[in-house]
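Chains: A, B and C, in written order; residue numbering restarts at 1 for each.
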């Protein structure tokens, strides 16, 4: 089973092996079944590559994220400022809330704040809870989820922090993705080698010519 | 073996399959083994006992070989009133839960405390044991809550199962362990999950479970397909036994649009007074009520103390 | 008749006996399984339909339906296909007809016993691995190991040098099924608990579907289409891509069933990416079969087996699009635990795989009994009832699932979701009942084929003869 590497994209097999393979391929009758040697169609290859890209994109946490406590921290801080309090007294909650959103329009959490709007009443309920959490040492508010009136720690068992605790967030990257890359590499390498050990794809077996029982046509002639 | 190189192929197959088994079973086993039992986890494990599915000691899933969860109001030794505390009573012969027989299952910290301070390794199946959940002054790693551990009260306080059961009123005894067997046997988990979702369910069904909440529990019966509400915290939403009783007997009595099956057969033959329950009569009267012939539905018979429905209701109420 | 052959000499047993017994057993289990399904669906639509008895409670019957269909219908149809396709592809006879017959009988006995116990509520409480462990061991010993031995020995004793693609899949899947069964039930033998138990439950469930049902069903299509159309398989190379991607990608995404459980996130990331990659075998499979059909598309209309197979192959497209993407972090939160999943599971088992197996059973029984199908009309009726019934079921449950998902996101009181789903529950019951009635017609048709079908002359294939009724 010698290997040949001068034309890796065409074949990895020695000519003799290819010749023997061809002979067997044409001669053999597997219960009346025959196989052709067509290449992987280009659209199939494209679809496979597209699948790989999509796999990562849909698994990376892009959509469907619940609001975390972190996105409301600035809202809560703004609540105590004299400006907001005076708006609240003169024009009511809604105007005050509008102003809070306006103040935070450059916030790094802008997109999430937009997706998860809150009212002043909501803020009043979650404010003491978030403040309580902020008192804890080494706390990351992104680990806490806000749903309705509750602020609770998330049950995501994410990456480890340097202090040995786990991030309680869906990760953008972790060893799972790394294993995926390794695994995919192994797979594509394996399949490519397997396929390149076959006779090159421009050769097609002629098993139908002498056999009246089988197909009256051959693919891609 | 010409172009079809089967020897290479089968080795490649073994390699690929072995690799996938290692990644999916061997690698995560370290993470799973490192989970530290939370207070919830200890409570679940001690409440449901060794196993709630098929086991040799309970081949027909009648709820045998199960502990009782007892609210202790008086010190079983002295009879003096005390701060009420839940004790998990394993009568003699009841299999001990996984965390007691395999202490590593409790996780780092909890194991040490349970063995050294809780003396759980001294518990014996033959003589039975009573367990308590204690809080230590250490903290859980991920959330700043105290680390809890198991205590074998038979060893530390001399409480025997018989003494604890003798001083407790029947209403303070929860047959939640047997109830979990009912939950599994009756297939409640085909429609009700025990797994609120991190992303969506908090407001209606309560917080999702954390990593240490399952240690020692088997089966976890998460369920996969919801046709009814999640039940992980149902006892916090609704703890009314009367409501549960009506609802199990015929869900349409309290929720006209419910598609839940009737579980009236779990009442058994007789009601709480030992009178034979006439299901046929009840059903025909109920049909008359449904057709508008009578204005009130027939009364639901009070279940007997040792009926299967009592176990199930105890289990459901106990899902806090 | 089966009893007569059980103790006969292997040589004295007519070729194909095991496959024929498996074929009829499969159809009968299909009838039982779908009958139970229809009954259960009626209970979901009308909760007071047959009530108050433990034996007819939904919770006691649901898992019987699932396992009757998986281990009775699908797996027995697989066994049937293996018993006649494996030897044909090796130009040889089945290694042991006698083992095949024993396998068939023990399979029926242990499955009937297991399902009866399950019906009584004797369960391990683990989805898809519901049997208590002694029964799991019985399944391994009486069902999967003898089947694997027979298939492997037939392949080893083949009279060809090459092994055709179908047989790679048969050999690999029978082997993987044993491993999956023995490993997936470890929590029961060794009383593993907690999240380990939950994860292993889904490891088993995922792999039994991904490494047994999907590849074997695909392997059947690899046989039926070239055989009946007479075309060569389009590409041996795509076959490689398909086979290896099944082994590599289908065996890994188990954790994606528990995306909302506190499993380590890295495991979910890994599983979820792998989960999308199940599209790779799907792309390979669908393209290979459809390209093989080139020039013979008239048979899609004219020939029943080809029609069943191609519909199954086409259903693999929505199946894998759903399967691939519904488990990702981006989408799973919306539809997890809803009727969408129920629809998806039926698309896999009642759509994709049932159509492929039905083709194998049709073709195999005609070939082995050397009788042309009794009635094309009944066959067509079977096909259309099955297809329309399944589509009704699938569409109604998908809509119900989307309603449920919306209810979950917007935190609607659950009872309102139940009310909104009611019409779809009725539609699901109607669809399921159509499927059930179609199986009765099928059984009758196959029975009449055995008794009165036109005898196929030696050396001819059933599809070469014209239909008569």
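Following the convention adopted for this analysis, a contact is a pair of C-beta atoms (placed from the backbone, for glycine too) under 8 Å apart; a residue touches a chain by one contact, two chains touch by 3 or more.
Remember, it's a predicted structure, so these values are computed and weren't measured experimentally.
Visitor: Counting C-beta pairs in contact, which chain pair has more, A-C or A-B?
Guide: A-C
Visitor: Closest chain to the protein CA centroid?
Guide: C
Visitor: Can you compute the centre-to-centre distance for chain B and chain C, using the mean CA position of each chain? Integer Å is fine.
Guide: About 34 Å, centre to centre.
Visitor: From the C-alpha centre of chain A to that of chain C, how far is it in Å?
Guide: About 29 Å, centre to centre.
Visitor: Whole-Å distance, chain A centre to chain B centre, using C-alpha means?
Guide: Whole-Å distance between the two chain centres: 36.
Visitor: Going by the touch rule set out above, which residues of chain C reach two or more other chains?
Guide: 161-163, 244, 248, 252, 261-264, 267, 270-271, 333, 411
Visitor: Among the residues of chain B, which ones contact at least 2 other chains?
Guide: 2, 9, 12, 16, 23, 27, 31, 198-200, 203, 208-211
Visitor: Among the residues of chain A, pick out those that touch two or more other chains and give their numbers.
Guide: 24-25, 64, 148, 155-157, 179, 183, 186, 190, 194, 198
Visitor: Considering only the defined contacts, which chain C positions touch chain A in the complex?
Guide: 88-91, 160-165, 223, 226-227, 229-241, 244-245, 248-249, 252, 261-277, 279-280, 283-284, 287, 291, 294-295, 324-325, 328-334, 411
Visitor: Across the complex, what residues on chain A touch chain C?
Guide: Interface residues on chain A, with respect to chain C: 24-25, 28-41, 43-44, 47-48, 51-52, 54-56, 58-64, 148, 155-159, 170-171, 174-177, 179-180, 183-184, 186-187, 190-191, 194-195, 198, 201, 205, 207-208, 213-219.
Visitor: Show which residues of chain C lie in contact with chain B when the two form their complex.
Guide: My answer: residues 43-45, 47-48, 51-54, 57-60, 62-63, 120-127, 132-133, 161-163, 168, 172, 176, 179, 183, 187-188, 191-199, 201, 203, 244, 247-248, 251-252, 254-255, 257-258, 260-264, 267, 270-271, 333, 336-339, 341-342, 404, 408-409, 411, 413-415, 418-419, 422, 425.
Visitor: Could you list, by residue number, the parts of chain B that touch chain A in their complex?
Guide: Listed in rising order, the residues are 2-3, 5, 9, 12, 16, 19, 23, 27, 31, 141-144, 198-200, 202-203, 207-211.
Visitor: Can you list the residues on chain A that touch chain B in the complex?
Guide: 1, 13, 17-18, 20-21, 24-25, 64-66, 136, 145, 147-150, 152-157, 164-166, 168, 179, 183, 186, 190, 194, 197-199
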